[in-house]
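I have a structure here, written as structure tokens, and I will follow up with some questions on it.
Per-chain numbering from 1; labels A, B, C and D assigned in written order.
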Amino acid sequence: MIQKELCRIIGQREIAADIYELTIKANLVKEISEPGQFVHIRVAKHDPLLRRPISISSYDKEARQLKMIYRKEGKGTTLLAEMVEGMEVDILGPLGNGFPIEEVSAGETALLVGGGIGVPPLYELSKQLKAKGVKVIHVLGFQTKSAVFYEQEFLQNGETFVTTVDGSYGFKGFVTDIMKDLQFDILYTCGPTPMLRAIEQKYSNKKLFLSLEERMGCGVGACFACVCKRPNDLSGVSYKKVCSDGPVFRAGEVFI
Amino acid sequence: MSKLNIELPGLKLKNPIMPASGCFGFGREYSQFYDLSLLGAIMIKATTVEPRFGNPTPRVAETAAGMLNAIGLQNPGLEKVVGEELPWLSQYDVPIIANVAGSVEEDYVAVAREISKVPNVHALELNISCPNVKHGGITFGTIPEVAKQLTWKVKEVSDVPVYVKLSPNVTNIVEMAKAVEDGGADGLTMINTLVGMRLDMKTGKPILANRTGGLSGPAVKPVAIRMIYEVSQAVSIPIIGMGGISSAEDVIEFFYAGASAVAVGTANFVDPFVCPDIIEKLPALLDRLGFEHISECQGRSWKEHGQRTYHRA
Amino acid sequence: MSKLNIELPGLKLKNPIMPASGCFGFGREYSQFYDLSLLGAIMIKATTVEPRFGNPTPRVAETAAGMLNAIGLQNPGLEKVVGEELPWLSQYDVPIIANVAGSVEEDYVAVAREISKVPNVHALELNISCPNVKHGGITFGTIPEVAKQLTWKVKEVSDVPVYVKLSPNVTNIVEMAKAVEDGGADGLTMINTLVGMRLDMKTGKPILANRTGGLSGPAVKPVAIRMIYEVSQAVSIPIIGMGGISSAEDVIEFFYAGASAVAVGTANFVDPFVCPDIIEKLPALLDRLGFEHISECQGRSWKEHGQRTYHRA
Amino acid sequence: MIQKELCRIIGQREIAADIYELTIKANLVKEISEPGQFVHIRVAKHDPLLRRPISISSYDKEARQLKMIYRKEGKGTTLLAEMVEGMEVDILGPLGNGFPIEEVSAGETALLVGGGIGVPPLYELSKQLKAKGVKVIHVLGFQTKSAVFYEQEFLQNGETFVTTVDGSYGFKGFVTDIMKDLQFDILYTCGPTPMLRAIEQKYSNKKLFLSLEERMGCGVGACFACVCKRPNDLSGVSYKKVCSDGPVFRAGEVFI
């Protein structure tokens, strides 16, 4: 069940340049079913008007805590970054369908590939896969050194390759440069659309799950803002909604 | 005794609050949040003869206290709406207002004829004002003669009262309203969205794939209030008001302007509980303002009235 | 080398930023805050033949991300503007655009003839679109033939180029723009305010004494952008854009849409330093976006252009 | 000189029902010339859009501190009331012309009459008059007991009568009921327009200064939002602006 809840902020810190980790106390944590789901955050009364979709990066059902990691970019995330411990934030969630962990078995290898602000939802996934006994390898791509975050956290779950576009940290280049030398049974990815497209093209033969982004209105499936076309659709009218059918889709399910 | 019940052509409403067309799908999503029978009515998403995919994405962009949308009338088509969506909605005790759209006159007539026969459809809302469809839609809503003619044609085939949804993108809204009243409209719904645009700072190009979109939300409320104020004085059919409503106070302001019921659109996206919340808060607000019934608010902005002794605010 | 200088008919601008008419008086108040010579130009308050008191108060009401005003063209009259205000402004190195208003054609002609002779007046802005005056004003701005005729009459007597200020309260803004271009306008300024209204919760009556008012501020920006996008593709005279500008980013968005200069209105009330602040911030923003000069931004939303190698954003 | 300054909040407390006292650190204090001037406060970026005019209720030039007292009413003041110590608030001021204290001499008696949220600017006036050796009498009108504030503060400067409309505290009735029994050389007043009108009618024979309220745009004299007509104006076009000519006017100067 989706909840709307005023959640108390119990932690907010800048973990990389303009990248914030926000921790809240939330009863809605108990409704989370999978890593990769997201919440919809309201930061003001009328301006900005719409909620902001942010992935759940990790959660603790017992402590009723939830963490998000976001980049301070425009109006909404700038206001969010100004909020401090003790304040309350209006959260709608959990929303959407996340990464299916039942698609991989203990002993198998999962490759998790994240780009920039697509990295956060992979963290909870990584924890849960490791707990299940899956071997986890991470490839995390960032723009530049100052934007890198959570490398240590991911390292605790498995081998972790960091790339930066400008080579200022880790390997210079794109995540796909690293991926080509890795062996795995299943691939989970989240990041900018061009990255997802490149990955889908190269690994369509693999078991592959991708988390998409689209501008949203309602976040719950009512407004049709976030639809994607389905491939091989002769009628031309069939679709999936990123907010309620996704954001995670199996490769081939939708047209990226 | 209820302070909120309202009767309009075809509609016996428990309360005058309903979600606006296109902002509530066919109700399924919001039924997760509350019992839809709480609502006065539901305006379902625009229905066309054939299924439509609508416009490419991005389909929404945010603006100061508002949003632009260019969904493009995506809907599953008449057959599926009549065969699946409306029967599903019939489990709730709530009248449906079916939003009818099309590209040419015959489309409107075809949808109206079929959909008005469905038992839980108590009224039609003729969408002659959608700014996001290329052919048709917008033109019907800006030329009085054309709007009148279309209203007439739809009235002829409809089994239920017909409300016409007016576009605010016109020089003279009163003229449009009178034309559709002449065409036989049983009521008006207003306003649809204002045509607007946002450009991307990096590319310089429109953010919406459709380039322009419809502006809705609190930003447009003063335009909606002004237009309802003007139109309600000029016609004798009732108005269902909309445009930026997000609180019980906003509802009262629309009644003051001249509306007899209201629809809530964009605010559903911001707060899925906004409609039941408003319904819950209205009686206490009416008390505070000194009204026994919400109908007493209707048209107060322009109606002459003596000093009410029961006005306690 | 300046990244901001712009040339328009009659106007050699250091930069394309100017305060909008009615939002800056005749400059005296804001001269307390900064040197007016920093501005690209100044659009002074509407001037009529005779002094006017304007509408009763309240004259302003706030709305979500916007405000309504119904000042009603209060001004000290042609004689005083020509004899006192313009000479006072001549101490600054800044071209003046004189906003010309009236109730009948002869008024406009009389003001234009006199005011265009004043040396620091480098252009006129024909205010055919003020929504807050009862007779005249608004009608000129909504009927293409009338607007064209008026433009022509004013052009005949004016010693300086004539810009016509368009009203957004029309069905077809392109038609209006083309009409005044045909009438000989040297440029357009757009948009004036949208007609809106707010009602008082307690009384139910309009907050503004004039009942309706003009909506301005960030709320209207998407409408302004859309209209400039449409008009700039249809006419060959330049556009001075306005409507909700409050930042350097907004200025770029207006240029992308098709404006060649911009005016800042309501934002002056919120931040008296907004104009010099924007002027200061623009060069760095242009750098970041990869433009050598602001003119490169003009019309990018609709102009075809190859991949620019100098686009560094 | 009017300044625009980001001022740090050093105190915010609710001193009566929905009545807040806000203390800020502000360099612009040095520009204040008279009690009764006001500041224009910006509480959000775009929503609400306009600044809020609030009177300066007291100030300390040495400590560079300024106090305001306001009622939490609509959008703007509600947001202001949510701000806490340490936050910064955007202030434009000092604005307008206040109460002239040079119009009364040491040894004379001044009557200060305030209604509701018109009471605050009288407090600094009272302090300055007392310091000058003027005998000060206060009549402060409120709606009801819970709305009463600053009675003790005013008492320290002189005799103080409190009235409430419902009689729940002090004298029952209006300020004018009390005023008729008092002797004074000069009258200063601030409050709701009906109160000002009543006072102007009854005391037009006295030396009388009134502080007016009007909805404002710019607050600096540029937008013509806040004009009042002048009495006996044959031309019909002469006016005063509340923001820059007022808010305090001599009785008869403008049409209330």
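Note that a contact is a pair of C-beta atoms (placed from the backbone, for glycine too) under 8 Å apart; a residue touches a chain by one contact, two chains touch by 3 or more.
Please read all numbers here as calculations on a predicted model, not as lab measurements.
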Neighbouring chains common to chain A and chain B, by label: C, D
Centroid-based (C-alpha) most distant chain relative to chain A: D
Rounded Å distance, chain A centre to chain C centre (Cα mean): 45
Centre distance in Å when chain A and chain D are each reduced to the mean of their C-alpha atoms: 53
CA centroid of chain C to CA centroid of chain D, Å: 36
Residues of chain A engaged with two or more neighbouring chains: 46-47
Residues of chain B whose C-beta touches two or more other chains: 63-66, 217-218
Chain contact topology (line, ring, star, complete or other): complete
Parts of chain A lying in touch with chain C, wherever the complex brings them together: 46-47
Chain C residues within the chain D interface of the complex: 22-25, 28-30, 32-33, 45, 51-54, 57-67, 69, 71, 74, 76-77, 217-218, 246, 266, 268-273
Chain D residues touching chain C - in the complex, by the definition given at the top: 1-2, 4, 42, 46-51, 75, 92, 214-229, 235-237, 239, 244
Of chain C, residues touching chain B in the complex: 63-66, 68, 142, 169-172, 194-199, 201-202, 204-206, 211-212, 215, 217-223, 225-226, 229, 244, 249, 252-253, 256-257, 289, 297, 300-301, 313
Chain A-touching residues of chain D, taken from the complex the two chains share: 44-47, 75
